[in-house]
Structures are given as structure tokens and as C-alpha cells.
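Take this structure first; my questions come after.
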Amino acid sequence: MMNKKDLSFREKIHEIIFEADTPEGKAFDVVLLVFIGLSVIVVMLETVEFFNQRFERLFYFLEWSFTVAFTIEYCLRIYSIQKPWKYIASFYGIVDLLAILPSYLSLFLPGTHYLITIRALRLLRIFRILKLANYLTESAMLAQALRASKRKVTVFLVTVMMVVLIIGSMMYLIESGQDSGFTSIPKSVYWAIVTVTTVGYGDIAPVTPLGQFLSAVLMILGYGVLAVPTGIVSAELVHAQSDVSNKLNTISCPVCSKEGHDSDALFCKFCGGKL
Amino acid sequence: MMNKKDLSFREKIHEIIFEADTPEGKAFDVVLLVFIGLSVIVVMLETVEFFNQRFERLFYFLEWSFTVAFTIEYCLRIYSIQKPWKYIASFYGIVDLLAILPSYLSLFLPGTHYLITIRALRLLRIFRILKLANYLTESAMLAQALRASKRKVTVFLVTVMMVVLIIGSMMYLIESGQDSGFTSIPKSVYWAIVTVTTVGYGDIAPVTPLGQFLSAVLMILGYGVLAVPTGIVSAELVHAQSDVSNKLNTISCPVCSKEGHDSDALFCKFCGGKL
Amino acid sequence: MMNKKDLSFREKIHEIIFEADTPEGKAFDVVLLVFIGLSVIVVMLETVEFFNQRFERLFYFLEWSFTVAFTIEYCLRIYSIQKPWKYIASFYGIVDLLAILPSYLSLFLPGTHYLITIRALRLLRIFRILKLANYLTESAMLAQALRASKRKVTVFLVTVMMVVLIIGSMMYLIESGQDSGFTSIPKSVYWAIVTVTTVGYGDIAPVTPLGQFLSAVLMILGYGVLAVPTGIVSAELVHAQSDVSNKLNTISCPVCSKEGHDSDALFCKFCGGKL
Amino acid sequence: MMNKKDLSFREKIHEIIFEADTPEGKAFDVVLLVFIGLSVIVVMLETVEFFNQRFERLFYFLEWSFTVAFTIEYCLRIYSIQKPWKYIASFYGIVDLLAILPSYLSLFLPGTHYLITIRALRLLRIFRILKLANYLTESAMLAQALRASKRKVTVFLVTVMMVVLIIGSMMYLIESGQDSGFTSIPKSVYWAIVTVTTVGYGDIAPVTPLGQFLSAVLMILGYGVLAVPTGIVSAELVHAQSDVSNKLNTISCPVCSKEGHDSDALFCKFCGGKL
């Protein structure tokens, strides 16, 4: 059994690190976000030759400082929480670990430290400081709309993959002799994806009349096809929204017990009784 | 007349090949899908020079193994089914045949064996193993929304084709003297399609001020135009969904036990009985 | 005053040329469409060097044959109709004239005969042969949805034009020293339109960090902005559709005279009276 | 205290400059718009070498004329209005100032005078001459739909930024050795934005198989992701429109004369009186 002081110390840390209600907790979260932001910017600038030549040592120092700070924070989180494994296995726990791993990994595998930008995911904590609940509702609504359309999207994606595979192969057959970049079927499939999503880099582009005709067909197809996921998500969101507004506005009349009144109604619209 | 044993043997094969309810049937379908996937991957890798140089013989062997296996499977399907012609003429029957034809065809016409990727269509069987019914409902709903908007889409496509044809010709007139790739009207029309669908490869791009002005107009047009098919499909899906949710909200009539009443109905709309 | 025979001859021609109900009228329309299609294809192929070298004389002959045929048809239309000026000033009348003008114009202004592709507009007559009414309803619905959103689209387009103008100028300021194609403000505005509509040719692309940052902002903006016209049209179409379905389903109850019954209702859902 | 004449002079100017109801006010607004349009065109043409070589002096003269005219107008606005600071701090006041600043600024900082195109924003006054109220309603509706979806769009944008940051870094790791333009993480993030918004310039494009695979994933993702903001705005607009149409269907209560009742209401929902 732990003594009183130790317990309260752990509790204090827990309060500061995990909650954002107290002034200290909020300050901690803000400082943490600034640190995360800075550390991501440092890694990004480090890859720009202009800055790297001038500040290589500074960047190196800063990167390790942030990594050490985040490591300490990670340990404190595990130390202060009641059920450490639950935190470690949670989404945020995994992100927190992934945010420090690449630095240590880069000691053995050079280059991997660029994966530090995975720290950016920690910035998701920003929603905790803002009026959290509201954003969570919105996120939940978006997530639910996406989940509700999961099956439709699966059917849609499988169809797109097949179209892309088959048209990619046909384009390889048509264009492979030319100097137009269709050097293998995987590359042609890559081109078909670039085309059907309307990205259109132009690094690979058909040059034969037949190839151009087929890709025009693919574009028109992709055009119509683009409408499908948008339509799916739109329909789900319209649905979700009318659900929400229906649920928020329903009080049953105490006289005739009918429902369906507006939120600003004072009297029942069916029998005239006071609500 | 066939003897008992032969009949049950055919029935057994039918059960394994055509149905996915028994463990053997399910196992067969899974193995089949793996084979199809592998054979598609083999054809794709075969076109990548890096792999082809190293594994040419292996690829050749694998491709023919898969083809022979699929041929045997195709024959067994015809052998085991009651009405072979119905299967042969069905969508899956045609796909199954198309999946083996290119290999044999390539003996006479070199190159055509890349069409083997048409086998990918066989992967559509994957929906049979997954909780089939649900996906079929979703597919049917998508298909129905598309079918319902068929006429609108036709009107829309015809309009787009005309715009593309006319603007393509005008661009040819404007840009044909320049070194910007507008070498013929078909090519200019191809460029107009690339532009209006917002793919924008950049292999053909206007260089004269007038040409750039006209293509800016086309883009803004294409921008607004892109909204139309999306709007069509969205509206159909919203419609389809509210139809479904209306059907879900129903109570069956205690008198005639029919369903499909509105949520605010007090009397059965079919027999007039009180709900 | 005309004699009987002349009148009936004019009427006969009118029936054949303007209507599609009689067998002759339908046949005429089909032949006309084939001729229009062929003449457009001829003009397109004429610009392809491969075909032009081989069939220059044939193309020349065909083009003038079609032009003469269309001229005769145009004269017959004017001759056979009661109120010629109404036809001449109508949409179809103007299109019919525009379809023959470029050929004659090309005698004086070489090159302009490529505008013959304007004939493609005559293909719109195809809707007259197909089950006309249905397509007209759909067209009308699309046109109405677009008209209903005219003001919203105007507001939207004006906003986009300003954004494009201002960001284009800023990019000129930033990138004009570089070798990245931003050689004047009009060209930069052209680039901004290419970017905001997500076409992205890549013939002009920023190379400075600041320019790339600004164009990333423009893209994200364009991304959100793309949602607006789609949303507008979707909302209008959802609206238009529910209007149509509401109008089709409304019968008022003879007993309580309430409305809002489904199209399959036999009894009033409010009072149970027979509809 | 001012004398009568001076006051009425100020009032007169105020009426002409700020209002569009009187003939003089309308004429002033039209002339102003023409001047704004011309001055923007002058700045644009000035950057086109062809015109600049020929009309450099004319452009210089015109630009300063417009600037002086607009400066006088700005002073008159401040002079004639009751509460000058309210105007200066308003949206239009700031735009009016920004429209003349760059010219004077260019005396000290060469080049900045291209920012004069910010004058284009003044063209927003065009809505004041057109049937103002209608367009304002439409703008307000669009603005409200966008405001209503603000939180959803924030959640959405934050998610996109993270995806773009992480995939950008991974691409840098994969492609940095190659000659494909991924020279730093910021540049790779720029590429990721270009890709996810489906702009696709092609100035930076992956060349390694792994890079092409990852960017294909990003495109498919961006494809689905594109559906989200469109869906959000569509849903909001459908919602806004049905709100409007509900409000249009209203009857005012004969007792309390309030409006906003549902179409199926029998009693006033505010006072309970029979409708």
C-alpha cells in the first residue's frame, strides 16, 4: 500500500497531464501542443538544404530535447494512470509511443527519424482544449455517416479497382510499344488510378489515338463515378442531420400526447393544450 | 439415364463449386479467390522488366498452371450444372470463359495474354463469401439510384459531348499554328475532355492568350458541370434512402395486416381499419 | 392565293421535315442525324494528317455535298413552314443556319470551315426521335434546378473570380522573377483558374516556397469551394424531386378533405374514409 | 456647429456616394464600377510585355489618374459620413483603403503596385446596383450554410492536414534518393496537397514503385475525402432550403398573429388559439 503523499503526487500529475479542466492542466496541454508543433516544424526544416546547412547542430539538439521531453511525459503518463495498459493500448497511447520511437530507431536505421512527423497526430489533442464536446459531436456525426456508408463504399471501391485493373491492362497492350510511360501493367494501373481520380499528373499520358480514346472513356466514367461517393456521403449526412433535428425537437403534448412539435412551440399544434 | 452414384457425384461437385454454405463450398471459394488473385498478380509482375528477367520461366509455368486449373473448373461447372447453357450465357459464365480465353488466344496472337487481367472480374465472387445479402442490397440501391438517374445522365452526357466537340474545334482553330499539341480536331476534343473532367495531364495545353482564355471558360464551365451528375446521384440517393426509412417506420394493420403506413397515420390506408 | 396542290405539297414537306410521328418523318430524321454525324466526322478526320494525305479530295467532295444537302434542307424548312421568321429566329433555326455558314465563309476566310463542327449541335434533334417527352421532362427538371440556383451560382462565381484575380496577382509578385511561367498577371490568373478548378496542367507551376505555400492554400480553398456549386445543385435537385413526388401523390379525402395520402392509399389515413 | 448649406452639401454627397436609390447615386455607382474595372484591367495589361512596350506611359498616366480619383472618393466618403470611424473600420472601408494604398506604397517599394488588383474586391459593390436584396438573401443563405458547417469543416481540415503531413514525410523517405522532386518534407507535403485535392500538376511525381503505390492510396483516399466537404455543404443547403420552404408555408395566427406554424398545425403553437 502507498502512503498518502505519494498517492496525492500521482493524482496531481494525473490531473495535470490527463485533464484539461484545471488551469495547470490547460497550461500543460497548451505547452505540449506548442512543443509538438515546434518539433514537427524542426523535422520539416531539417530536410530543407538551406536551413540544414546553417542550423544542423541546433536542429539535432532540438530534436533530441523534444524526444527526451516526450519520453519523460510518456513515462509520467504510464506512472500516473491507474490502469497503464489500458492507456498504452489506447489510440492516444499508441500515437504517443509512435511519436518517440522513430528518434531512437534512427540510431540504428538512419533516415527513419523523418517518421517523427507522426508526432503531428498528437496535435489531435487540440480538440481537447477547444470546446471539446461540440467538436466531438461533429466528428461523431461525420464518423457515423462514413460508417453508415461503409458497405456502399466497399462495393464502390471494389468496382473501381476492377475497372482500373482491366483498363490499365488494355492501355498497356495498346501503348506499350510507344514512348509514353506505360512500361508495365502495374504502372498502367497506377496511371488509371491517377486518371480516374482526376489527379492527372501527366508523367504518363497516352499518345496513340486508340489510347487517347480509351482514356477519354475512362475520364467520362471517372466523372460519373466521382458522383457516387459524394452522393453516398451527402445522402447519409442529410439523413443524419434530419435524425438529429427530429430528435432534438420532440416533446409530447400532456393533453393529447402527440409528438412532432417545433422546439419553439408553447402550445400543442393538434389540440391547443399547453405544452 | 444416369446411375445413382454418378448423379450424387455431380450433385456433390455442384454443391462444392456453386454454393458457399457448406464448409467445402466455402473452402473452394476461398481457394479459388486466392488463385484468381495470384494469377492476376503473376500477369502484372510479368510485365515488370525487373521480375521478368529473373522469373520468366516461373511466370510462364504459373500462368499456364492457373489457366489449366481454371479450364478444368470451367468444365466442371458446365458438367455439374443442370442447365449448362443458362450458366454459360450468364454474367459469371461469360466472365469465367473470358478469364481463360486470352491464354489460349495468345498462342496465336502474341500480346493478347495481358488481357488475362480480365480474370480480376472473377474476384467479384468475393461478395458471395462476405455477408452476401447486405452487400447485394447496397449494390442494388446504388444500381437503382444510377438507373433512376439514367435519363438525366444521358441528357447531361450528350450536352457535355457537344460542348467538348465545339470547344475542341475552336481550340484547334486558335492553337493549330502553335507548338502546343493541338494537331487535329480529335486531339483537341481529347484535350477538351481532359480539361472538362479536371484531369488536366498537361501534355496538351494552350499557349496563346485567346486559347488560355477559352480554356479558362471551359474549366469554370466544367466546374459547374461537375456539380450536375453529383447532384443527380445525391438527390436519387437521398430519395432512395428516405424511401427505405419510410418503409422501416411501419406498423402492420391489425385488420388486413398490410404494412407501409406513414408514421402519422391513424387508420389503415388499404382497408380503413383503425391502427 | 395558292392552289390546292401546292398547299398540300408544302404541308407534306412540313410533315416530313418538322414532325417525327409519321414513318416518313421518322425516316427523314434518322437520315438527317446520320448525315450530320458523318459530316462532323469528316471535318474531324480532315484535320488528322494521316487521313488528310490519303483522302483530301474525298473529304472535300463530301464536305460540300453535305453542305449543299443541308442548304437545301434549310431552304425547304423556310419554304414549308407557316411563319418562316419564327423558325429562323428560334434556337433550332439559328443552329441550322450556323451549321451551313462556315462552309461558305471558308471560301473567303480560309480555316473557318473547321467551325462546321457546330453542326454537332444539330444532333440535339436526337431527343426528338427517342421517347421525346420523358427526356424533355428530365431536361426541364435539370434546367429548372440550374435556373433556380442561378443567383446562388452568380454570387459564387463573382467570389471565385475575385479570389482568382487577387491570388493571381500575388503569385505574379512572388514568382515573376523565377523561370516558372508566371510572366504576366493574366497568365497568373489563368494559372489560378487552372488550380482552383483542380485541373492542374502543370505547364505553369510555382517553384518558390512562398508560391508553393500560397498555391497550397488556394487548392485547399478550391477544395472547399468545389463543394459549394455541387451542394447548391444537389439541394435544388432534392427539392425539385420532392416537389414532383409530393405533387403526384396528393388526393384529398372526400370525408375529412385532408391531403397528404400515399399514391397507393385506398382509405384516408386520418379518418378512415374511402378515397 | 455647421451652417445649413454646408450640412446639406455633405448630405448631398452622402446621398450620391453611399446610396443607390437616386438617379445620381446609381449613376455614380455605375461610373465607379467602370473605373474600378478599367483600373484592374490596366494593371493586368501592364504586366503583359506586348502591351507594356507600346503603352508604358499611357498605363502609368492612367494608373495614377485612377489612384487619385479613388483617393478623392475615399476622402469624400470620410467627409460626408456621420461616423467616419465606423466606415473606416467596416469591410468596405478597409477594402477602399487597400485599393489605393499599393499605388502610394510602390513609390517606396517597387513591385508592390501589382497589389492594386485588390481593387477588384471593390467590384463587390456590383450587388448593390443589381436587385440587391435578392442576392443578399442568397449570399446570406450560402454564408449561413458555410457557417453552420464550420465545425465539421474544421474537423475535416485538421484530419486532412495530418494525413498530408504524414504521407508527405513517408514519400520523402521513399523518394528522396530519386530525381523526382521530393527534395524536402515541406515540398513533399506540398505534393501531397496537390495530389489529395486532385490538382496534380505533375512537376513533382513519384517514380519508385513504392512511391507510386503510396500515392495511389492517397488518391483513392482523397477521392473519398473529396466527398466529405461536398456532402457537408449539400446537407446544410438541403436543410437551409427546407427551413426556408417551411417558413414560406405559414399562416399567421388570428389571435396572436405570430407566424411559423407547420403546415399540418390546427392550433397556434404560441398561444393555443385555433388557426
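Going by the order they are written in, the chains are A, B, C and D; count residues from 1 in each one.
The criterion applied here is as follows: a residue touches a chain if its C-beta (ideal position, glycine included) is under 8 Å from a C-beta of that chain, and two chains touch if they have at least 3 such contacts.
It should be emphasised that the depicted structure is a prediction, and the values quoted were computed from it without experimental measurement.
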Check A-C against B-C and say which one is joined by more contacting C-beta pairs.
B-C
Matching chain pair for A-B (criterion: over half of the contact pairs shared, by residue number), options A-C, B-D or A-D
A-D
Report the inter-centroid distance (CA atoms only) between chain B and chain C in whole Å.
28
Gap in Å, rounded to a whole number, between the CA centres of chain C and chain A:
40
Quick one: which residues in chain C touch 2 or more of the other chains?
186, 198-202, 226, 230, 232, 234, 236, 238, 260
If you look only at chain C, which of its residues touch chain A in the complex?
198-202, 230, 234, 238
Could you list, by residue number, the parts of chain C that touch chain B in their complex?
40, 43-45, 47-49, 111-112, 114-118, 120-121, 123-124, 126-127, 134-135, 138-139, 141-142, 145-146, 153, 157, 160, 186-187, 190, 193-194, 197-203, 226, 229-230, 232-234, 236-238, 240-242, 245, 260-262, 264-274
Mind listing the chain D positions that touch chain A in their complex?
151-152, 154-156, 158, 161-162, 165-166, 168-170, 172-173, 176, 183-186, 189, 195, 198-202, 205, 209, 212-213, 216, 219-220, 222-224, 226-228, 230-232, 234-236, 238-239, 260-262, 264-274
